[in-house]
Amino acid sequence: EVKVGMITTLSGGGASLGIDTRDGFLLAIEQAGRDDVEVVVEDDQQKPEVAVQLADKMIQSEKVDVLTGIVWSNLAMAVVPAATAQGLFYLSTNAAPAQLAGAGCNPNYFSVSYQNDNLHEAAGAYATQEGFQKTFILAPNYPAGQDSLNGFKRFYEGELAGEIYTTLGQTDYAAEIAQIRASGADSVFFFLPGGMGISFLKQYADSGVDLPLVGPAFSFDQNILQAVGDAAVGVKNTSSWSKDLDNAANAAFVDAYSEKYGRLPSIYAAQGYDTANLLLSAIDKADVNDDAAFGAALKEADFDSVRGSFSFAANNHPIQNLYTREVIKEGDVFTNKIVATAMENRDNAYVGDCKM
Amino acid sequence: MSLLTLDSVSARYGASQALFGVSFALAEGEALALMGRNGMGKTTTVRAICRMVATGGAIDFAGHDLTRLKPHRAARLGIGLVPEGRRCFADLTVDENLRAAARPGPWDSAAVAGLFPRLAERQQQVARSLSGGEQQMLAIARALMTNPRLMILDEATEGLAPLIRQEIWGAIRRLKAESGMALLVIDKSPSELSSVCDRAVVLERGAVAWQGRFGEMTGAVKQQFLGI
Amino acid sequence: MTEPVLETRNLRKAFGALTATDDVSLTLRAGEIHALIGPNGAGKSTLIAQVSGALAPDAGSVLLEGRDVTARDTAARARAGLARTFQISQLAMEDTVLQNALLGALGQSGRPWRFLRPALADRSLRDRAEAALERADLADFAATRTADLSHGQRRQLEIAVALTLQPKAFLMDEPMAGLGMEGSAALTRLLDSLRAEAPILLVEHDMDAVFALADRISVLVYGRIIATGTVDEIRADAAVRDAYLGETA
Amino acid sequence: MSPTLIAEQVLNGLQSGIMLFLMAAGLTLIFGVMGLINLAHGSLYMVGAFCAAATAAATGSYALGLVGALAGAAAAGALIELAVIRRLYGRDHLDQVLATFALILIFSEGTRWLFGSFPLYLDVPPALSGPVTLPFGIQYPLYRLTLIGAGLALAAALFWLIGRTRLGIRIRAGENDREMIAALGVNIDALYTLVFALGAALAGLAGALVGTLQSVQVGMGEPVLILAFVTIVIGGIGSIRGALVGALLVGLTGTLGSVFLPEFFKLFMPPSEATQTGSALASMAIYILMAAVLVWKPTGLYGVRT
Amino acid sequence: MSREGWLNIAVLLALVAVPGWALVADEPFTITLATRAVILALAAAGLNIALGVGGLVSLGHAVFFGLGGYAMGILAFHAQSYAPMEFFGVSVPGTKAMPVIWLVALVVSGLAAFFIGLLALRTSGVYFIMITLAFGQMFYFFSISWAAYGGEDGVSIYVRNGFPGLNTLVPIQFYGLCLVVLLAVLALTAALMRSPFGLALNAARQAPERVRAVGLDPVRLRLAAFTLSGAVTGLAGALFADLNRFVSPSMFSWQLSGEFIVFIILGGTARLFGPVIGAAIFVLMEHWLGQLSEYWHIWFGLLLLAVTLWGQGGVIGLLTGRAKAHD
């Protein structure tokens, strides 16, 4: 009997991400049809204090063995160090901040999604492949935004036409778009997750500036695309997963998910699904109370990932392919299609900093 | 036929009762003084008529049962109020104060300007910066603008200079003589009241202690209920 | 002649084109009640506001016992010995009568920065407050909530609070307003007894009270003092009759 | 930085100010005129945007979407006025803050319950999409120009309504003394329901117009609510003129701050750090502006009341 | 004794009995919840000094809560990483000792409250509400982008700070410590309300003109109350950060400021135990309703609405049958 505590965002503006995470995760558990895994799901309201409180509750009162589900880095930073310090396993379905990959890595902590910088690095690599010479880059002014621009620059070889940090939660990008227009850039990289990305894409499309755009998958998520509409068509974005990835596990997942929930899966759903399958594979191999054995079982990553080839680097973060996708319209639905592989078997920049 | 009839009206503020079965009537075109010492229920009676306090008993105005009406409905039947403490709309100009109240009839901006030339000079001044007496004039003018059948003046000359008081009493006498408006007047000075009103109702602890014509008011009544 | 307790020198205050007080100089001597009368809008309240410190004059000065206090704010003037009552009662309505009086005593003591010991436990504050209530005939109401007082009683409390300050001079703006015959008579007696303690600058439209109380009367018209004199002098003054009194006198 | 770019940024600042005014106008109307702190104004903005998106999706017409926004928000406004707000007029600000805070919770989660957690689609209508070229070669989106026009027209209409009409005078009179205006024969209850619905409709319209450029999602109302509060507090509560001036000031400060502060720090810092520091300061700029204005003029630029 | 007095005693008993039961029944999470309630109550009790007695509706008290939190976060961060802080060339070591952290939190948030109050108290009414909100937003945005201490990610402390003679890692011991602090602050508030200062402050809320006319300065009285209030809320922030072993910009968020106000009104404005009851109910609701429904905010909103519209005087008012504390 393994008890899993899922802390994720189910209410408020960011709820769609958490809901997909949960649905993907539970789908896998249900498919496995096992009664020795119990999942407790709670809503963190996207507030760090609430997440901490829920973690305390799950550890002290529910006595869970494994925690998972957090979407946001700041919530992860609030929960993960304390949880792993208490000997729990934490499997990340999304957030994977640099601190937890480098000096703060822990044998009980696994990121099943990516390392936060990965998609930005892939965008940098893509920009280089495309031969962009002057890219304008922008992101919100908070740690994830700063990591994003640094990640992009790590693999981008051209020069920068400009670098802007916007305000977190900003909704009007007229000033930034004017700067882009005036900068003489040949392309734009942006990281604006959630509603910020929707606003930016709509306003960009309406501004008459038509430089190629590239960004990480967060702004092109299945759920967001419908709200952006035509403004997103043709835009390139980088992702570790796409619904058209060609492997059997993925095809089965997309079908089952659409069938069960009546909508296409997003990357959060895919990561939730993989996380559950990874967990199930480890449960079959080791006792969750035996930290060393269970950790080793997880690290084998012996499951059929919807992302195809998948393994863990030394710091328990994925080694996987990163793809370039393009937004297309399929019938009435806006979705993504893989157009290239941006990076192959990418690990991450922090492996060397991790001493465990 | 009386214009206004109160029959056993009672009222309370929270736990404390302020009126205990007040009854009196006021005829069309009549001027009635409502007297009594501080806190005896004069203002509460006025509030009862204007539906600003919940009451028991019956209040009839020109054939309408006021107790069933909301304040604005009662006012529209033709009750004009000059409230205790003036209560001008502090952030509105003099002109706006008057326009807010205006309803059609002989009393319009020009007519009240004739009555209070001082106000006419201050059309665009906001009420909060008027002197006390100017505010009092404004409150009277504002009530007139509703062209009421019954005008209620609650301490309408409080805080006014003697000369102006005389003017206002003069104006009230003229109002009564010329427009046939009925008046319910509360004031401190019996001599001034008697120059305008025909009859008086004296309240004591929320009940009518005496009523009758001014001339009939005995020294004992004055001493016992009015403190003079 | 001794120096006046309170003095204004050439006070001027204009609101836009309107000069509300124009070059007003007057004095308040020890032991007197000096009444200030005048038509509505003459500038009496504006003058009181300048004396109390609520309004800064455009020109001129205010002197308390010979010291210029024009630059000081209301609170500082109060500490220097100027006590005022308000036309519309300014009292802590949710508090008891005693607490309001204690507030005055506290202001007089100048030591509000005590955080732990209950105010009621301070004998000196309490004695002073209770004495003032006694004088203002409110001793029986000490425990009553101020909101439950009648209009007249609130007037009395206003004066009681002023009394706790043991002021050098009182400023009173229309203390009789809203009082019935009986109330006015009681307040007249109280003011009469106060003058020995500190002189009163009294603004009032109630001529019965003014004529009964005032030692001197000044008449303010359009911001200027047109006459100052005894009750009889003022009653006889034709200009004052025209501008203010009418046939009252 | 070229003069054209500077001119364009000034225009952007003005335009974001006008968008803010659309929101602030309804807020100041309710807040200033009726003396009510309505934290739920942002929720009405959201309701407007959702109604617009839903109507536009169902009918395919943007114009009908706007009508839907107006109607939906006005109806929601009238409803909450009758059910809740009506009991709050006499209360102190504290109760108003709390009750309308509660309304935010109810509206946000209620909307999510009805419409789901995913953002909705609402886009610029084809007739207004794309840029136009202004003098000096400034390229500017037509839709944003339209917003400027709509905002100014609305400002004029409100000035007139509140300042000149008898309805406006009576509303303001009611703010000074509700009981008294009723005693003069004015049905103040109905008037207030009307005003609240009007304010709500303005918020809804703002939500639909501005939402077109943004993401229509749960929680979209709160950030702009705070900005709108900042705006009307700078301008002076209850003053439509203040709301307009405040909105333009906030718009310009926000836009120009985010553009020029990073440039300024680049003069003596490495570019990456300069943009971080500059934009950190820029995100605080309007709050600093507000604090400065209030310290200088405690009741805002055109305010009289507290 | 009055009914409110009995109610307060009942609350006190519950504050001891519930965690005691949890200890016996081995329900450590209940103790954690109680600790959370006690700390939030402390924060609101701080606000209550300004709001309940002084009538200052501050929608920016999260500033002080956050500052207290960061005082703890920064000191402990430097202690756990053995890297001293550098102030203009002077290096100061971090610390993991609660008494020192508390002192720093009190002083820093008290100073901040003093300076914010100095500016904000020039305004009143709605403007005061909004200017305090503006300061809250300034701190919030600053902390989000302040990379040195994690920006939006905040600062994690791996092990709870220590208090001489106690093992703070044991939930019940940490709870006891927080409870003692709360009770001390409540005792202080009770004394304050009756003191000369409380009398003057209370009058300044009701009739500022009168207070000026007796020679006192209402603004200085309010400033003192605001400073004290900020310091107490700051202390609560330090404890809260220690409870979570984590501090982040969300401690500065305006919603949190709003929640403090909610606690006070929910419990009963200007009641000594108002913040305690309000915070306890909030924590319980959050815990239970959160389990019942994803849309629990709707229910919580309805409850708040009901309390505001019909339950004047908050829960204490309802239970003791007196609408207003000031009656």
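Observations, loosely collected:
By letter and in written order, the chains are A, B, C, D and E; residue numbering begins at 1 in each of them.
Basically, a contact is a pair of C-beta atoms (placed from the backbone, for glycine too) under 8 Å apart; a residue touches a chain by one contact, two chains touch by 3 or more.
In this text, all values refer to a predicted model and were calculated from it rather than measured experimentally.
Chains that count as touching both chain C and chain E, per the definition above, do not exist in this structure. Using CA-based centroids throughout, the chain positioned farthest away from chain C is A. Chain centres here are C-alpha means, and the one lying farthest from chain E is B. Centroids built from CA atoms put chain C at 30 Å from chain B. The centroid of the Cα atoms in chain B and the matching centroid in chain E are 52 Å apart. Annotation: 74 Å between the Cα-based centres of chain A and chain C. For this pair, chain A with chain E, the centres built from the Cα atoms lie 36 Å apart. Multi-chain contact residues of chain D, defined as those touching 2 or more other chains: 108-109, 112, 276, 279-280, 283, 305.
Touching of two or more other chains is recorded for residues 141, 144-145, 147, 295-297 of chain E. Those residues of chain B in touch with two or more other chains do not exist in this structure.
Contact between chains, using the touch rule, shows up for A-D, A-E, B-C, B-D, C-E, D-E.
Listing the residues of chain E that touch chain A in their complex gives 27-30, 32-33, 36, 141, 144-145, 147, 150-154, 156, 158-159, 171, 240, 244-246, 248, 250-251, 286-287, 290-291, 294-297. By the touch criterion given at the top, residues 11-13, 15-16, 19, 141, 146, 149, 163-169, 171-172, 174-176, 178-179, 181-182, 194-199, 202-203, 206-208, 223-224, 226-231 of chain A touch chain D in their complex.
Every residue of chain B that touches chain D in the complex is listed here, in rising order: 50, 52, 70-72, 75-76, 80-81, 83, 87, 89-92, 96-97, 99-103, 142-143, 146.
For chain A in complex with chain E, the residues that touch the partner chain are 10-11, 42-43, 47-50, 52-53, 56-57, 60-61, 73-74, 77-78, 81-82, 85, 97, 99, 141-144, 146, 165, 167-168. Residues of chain C that touch chain E in their complex: 52, 73-76, 78-79, 83-84, 86, 90-95, 99-100, 102-104, 106-108, 110-120, 122, 125, 145, 161, 164-165.
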